[in-house]
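Read from first to last, the chains carry the letters A, B, C and D; within each, the first residue is number 1.
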Amino acid sequence: MASEVCKRPVRPVSLKPGMTVGELIREMEDTGFGAGRLARAVEIYERMIKDGALILLGFAGAMVPAGMKKIIVEMIRRKMVHIIVSTGANMVHDLLEAFGGAHYKGAGVADDRQLYKWQIDRIFDVFVPEEYFKGHFDNPMLSILDEIARETRESLSSADLMREIGSRISDENSIVRSAFEHKVPIFVPAIQDSCIGLLLWEAAAKYNRTPPTIDVVKELDQFFSAVKDAGKTGAIILGGGVPKNYIFQVAFEFKKPYNYVIQITMDRPEPGGLSGATLEEAVSWGKVGEEACKVQVISDTTICLPILVAAVMERIGES
Amino acid sequence: MASEVCKRPVRPVSLKPGMTVGELIREMEDTGFGAGRLARAVEIYERMIKDGALILLGFAGAMVPAGMKKIIVEMIRRKMVHIIVSTGANMVHDLLEAFGGAHYKGAGVADDRQLYKWQIDRIFDVFVPEEYFKGHFDNPMLSILDEIARETRESLSSADLMREIGSRISDENSIVRSAFEHKVPIFVPAIQDSCIGLLLWEAAAKYNRTPPTIDVVKELDQFFSAVKDAGKTGAIILGGGVPKNYIFQVAFEFKKPYNYVIQITMDRPEPGGLSGATLEEAVSWGKVGEEACKVQVISDTTICLPILVAAVMERIGES
Amino acid sequence: MASEVCKRPVRPVSLKPGMTVGELIREMEDTGFGAGRLARAVEIYERMIKDGALILLGFAGAMVPAGMKKIIVEMIRRKMVHIIVSTGANMVHDLLEAFGGAHYKGAGVADDRQLYKWQIDRIFDVFVPEEYFKGHFDNPMLSILDEIARETRESLSSADLMREIGSRISDENSIVRSAFEHKVPIFVPAIQDSCIGLLLWEAAAKYNRTPPTIDVVKELDQFFSAVKDAGKTGAIILGGGVPKNYIFQVAFEFKKPYNYVIQITMDRPEPGGLSGATLEEAVSWGKVGEEACKVQVISDTTICLPILVAAVMERIGES
Amino acid sequence: MASEVCKRPVRPVSLKPGMTVGELIREMEDTGFGAGRLARAVEIYERMIKDGALILLGFAGAMVPAGMKKIIVEMIRRKMVHIIVSTGANMVHDLLEAFGGAHYKGAGVADDRQLYKWQIDRIFDVFVPEEYFKGHFDNPMLSILDEIARETRESLSSADLMREIGSRISDENSIVRSAFEHKVPIFVPAIQDSCIGLLLWEAAAKYNRTPPTIDVVKELDQFFSAVKDAGKTGAIILGGGVPKNYIFQVAFEFKKPYNYVIQITMDRPEPGGLSGATLEEAVSWGKVGEEACKVQVISDTTICLPILVAAVMERIGES
């Protein structure tokens, strides 16, 4: 009996100069802790792709300001993701760059009073000049919202809105643009909790326009339609927050547990919130299947996401 | 110069049997780390009340299942909070109890497959039988939603909806009921990301009803109206997530930084998300004032919230 | 079966002004997350005292600079702790205060280059002038070490050394002094990793003295003798580090699992180190008993320790 | 002025299949959060090597059970590390494997009572049969300790002991063996807090032998001699604990701040302990230089260490 649980020895990681990311992950396969979990995430991601699962991506935390957007674009292009659920902020920062703005490398500890005087907004160690929110977001977005409002009669889901915006921008490194092109819907459940929401309000309240109307039940309906009849389903959750809960609640609603789940986060179970809840806990709710392939990697997302995707790209290319 | 930064000695905590929570906090005033920060939070909370500030509460994490609801009710009754921004889940669990359901003490590590078979849903170390979501939430809520839809023509903000629900329930220990009684609006920006949202969808899709329509821009408008003309403003943020961002974005929109801010959370700045961002970072954005009284307590919320509120109640009673 | 795991409802915390710490803990007894765990810790601590267990305290992290020393002194005086295992640093800071030095309230984020110029050393948000290490530690300690060396022929364990020092100081608020008075041994397994160690080296290398010789095997022998024949054993672990491992390894060595264990820490299991390992993991090693009363509170120690001890003092006084 | 802090734009990570680890790090150079920090760590490690710095490695956490030992061996062989300061546990597990034992992939959540019955010890998700501590550690080590005691008259520092053991084993994948071969001293300041310490005690107390005598002041003397006259100094700290403090205290003692510092850890500053203290804090103490190249990566060590070392190997090979 004891021998049953001790049959796969830890095989220490062996490095060589110039090894590929995929080779490094192979070396991590028989290790413990985070390394073993990350290697398992690569394996699960590969399997969910090869199994033809519908793949949902939960996208929280300031991933775009940190420089992660092209990875998501790559995932979209390579059909490694089919539905995105995002915080509003990530979409705002993607659009800000699409409209010519930028983020800058700053410092994790800074003189925030000085930054305030300079009107530079800090996101941990990334800086963004506040004027960009005006010139590279509000102004171009207002025109786009006007155009959308003119052309569409009906109320829109957040995914409709993101698609409409995506069709009107040209930056090929933009998540919003790429998602439009590849018909990957982007759901932003708390859209009013972002500069997009602020602008919808301003359009009417400050600029006397008639912005598009957002319909949250239509959003649920579209999201559910996209997921409920899928065969196998897989979820890749970066961070936690609303995207994690939203991706899981469809499984709860339709009693259709995910077959594959990867979460990369620094959140932990002990505070009791859903963001850091274990994937085992989600089994009790029927959100994750009893026999699902699942792994939670407790580590920095900006480090693990590039490795995960690079390694899977290498493997998929191989096959 | 050096003597300037070394003038307030750490005074070790001295305990005595039967001391009050307020006396314990007094002992923590001249200490370091979390203890000093919690004592500072008590001081700031007292000041924001005495200063007549408009007080907003950000309410994330599964605080109601953990047993924190009566503290919020107490804060509402004593006018220690004026506006609540909550996750949907906390309101769902508050209503579930108001409709006769309950949560149970479970275990932090459990056999989730067995729980799944028993249809018991786990929230860290709290258990809730899944049938309660039907009998003690969906059924009574459907009738209430019907009634609201009949009686109101216009679309509703999430705060309108919570108020309408609150007016139709009677449990005096319910946050939703108490908030209705004391005219404390509850904003739930990601309402579709909760069982309330699921039910709004089900009402139409499964039960052929016409549920109330939710208007997210109206929500922003009401929220902004409630905050923008206030004199001093204070924020008490439990956890992070959408409530933190939503409470901060009104300050950003109206260039009206908070004068008082307390955050109790286990989230940290290094992953880069807003939940764990320092309050100094918020200064760069103009969300928190340069001269604001602010403190971030990195500790378990279910431990710190009761102490914070009990100590402030003791002090306010004193004065 | 399902009803078996759902029989103890969460009872929400009810506050009243002027409630005692013990009353607050009673309110937390039927809650979840950290609050429920802290209430459980109080219950376990009370039981280990009433059961006459030998109580070991693991003492890591900069608890003395933060202002926690008088709590430990109180625990010693009230016979709530019988053996202490500490980092060197906590003992150094206790002695520094005993010799007339002090710590000061500083700030969690500071200009460390400026502090360096001013020769002020920072410990998170506590400051200590570097000269104190000379005037209020090195100088008086050198004389004491000389005296000890003269009077004792044999090599000393770290506990012998701490006892000898304790007998030569008079500050009644000192942990080292109180431990001497009440015959509570203090083991400092990594004594060379502290200013005490530095001074032992300096005594010989810089000042041409013959300092006492430290014997690490004698230390183990004394520690083992003190623990191995005890009836019931209990451990209270603040933080993690060497003290946690050292306290647990005696149980491993003698196949004598602890009957009661409380750990308060911010460390977590996922990085794989012992500091944050769950107490369940310790069961596999036989360090903690299968039927032990145990709880791990993941929360700030400087907040939880005062509450824990104040509540137990209130209860013990009651009985 | 504002433009000064916003001159280096974040450049999003661009992936391609089959990219090397070094290429991935190049892509992370102009990103934020953990990714940017890890890229900076690679740059700093490369610089400390090229600058001819004396490189110290702090080695805490159960890195060997997790499968990290061959990375350390590689660092030793390539002269990428010159002095090691380790917890006892890592050396114990290295020796256990050198003597024919093994660790196994287990699970992060397990039935620890069952494991206890099977006598399998759990280290997060790594399992080790308890009998290995007897057959693959105690027995061979006892003979070695006997031999060492016979051949050496004087008391030994922990580094002397590790070197003597290293000279008597042959496993080329062992850290202890490789360190001996390449004359890299391994200091284990809390050696009594490990199975090595237990065995030293057992040798005398149970087996009637005369084990080698450990001298902690001699250890400090050797450590200080090895560091104090070095030109530039660099520290790579994995985890925290005693190794971090021990490596930093030599800088404090000799007023010789490190020129290069990398720390990879999941510990954080808020609990106030040294393990998670920022490297800025260490500047106030003069442990890290005001102008030092330093970075703290808050992320899983078992993921970041392989990447760091692989990337540096790739670069050094290039040059």
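The rule is simple: a contact is a pair of C-beta atoms (placed from the backbone, for glycine too) under 8 Å apart; a residue touches a chain by one contact, two chains touch by 3 or more.
Only a predicted model underlies this, so the values are computations on that prediction, with no experimental measurement involved.
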Centroid comparison with chain A (C-alpha atoms), farthest chain: C
Interface with more contacting C-beta pairs, comparing A-B to B-D: A-B
Whole-Å separation of chain centres (CA-atom averages), chain B against chain D: 43
Approximate Å spacing (C-alpha centroids) for the pair chain A, chain D: 34
Chain A and chain B, separation of their C-alpha mean positions in angstrom: 26
Multi-partner residues of chain A (each touching 2 or more other chains): 32-34, 62, 65-66, 109-110, 115, 120, 123-126, 266, 268, 270-272, 280, 298, 300-302
Complex contacts: residues of chain D adjacent to chain B: 32-34, 109, 268, 270-272, 298
Chain A partner contacts - residues on chain B that touch it in the complex: 60-62, 65-66, 89, 108, 110, 112-113, 115-116, 120-126, 130, 189-195, 197-198, 200-201, 204-205, 211, 213-217, 219-221, 224, 239, 241-242, 245-246, 249, 253, 265-275, 277, 280-286, 290, 300-302
Residue numbers on chain C that touch chain B, as the complex places them: 1-2, 5-22, 24, 27-28, 30-38, 62, 65-71, 74, 102-106, 109-110, 115, 118-120, 123-127, 129, 173, 266, 278, 280, 297-304, 306-307, 309-310, 313-314, 316-317
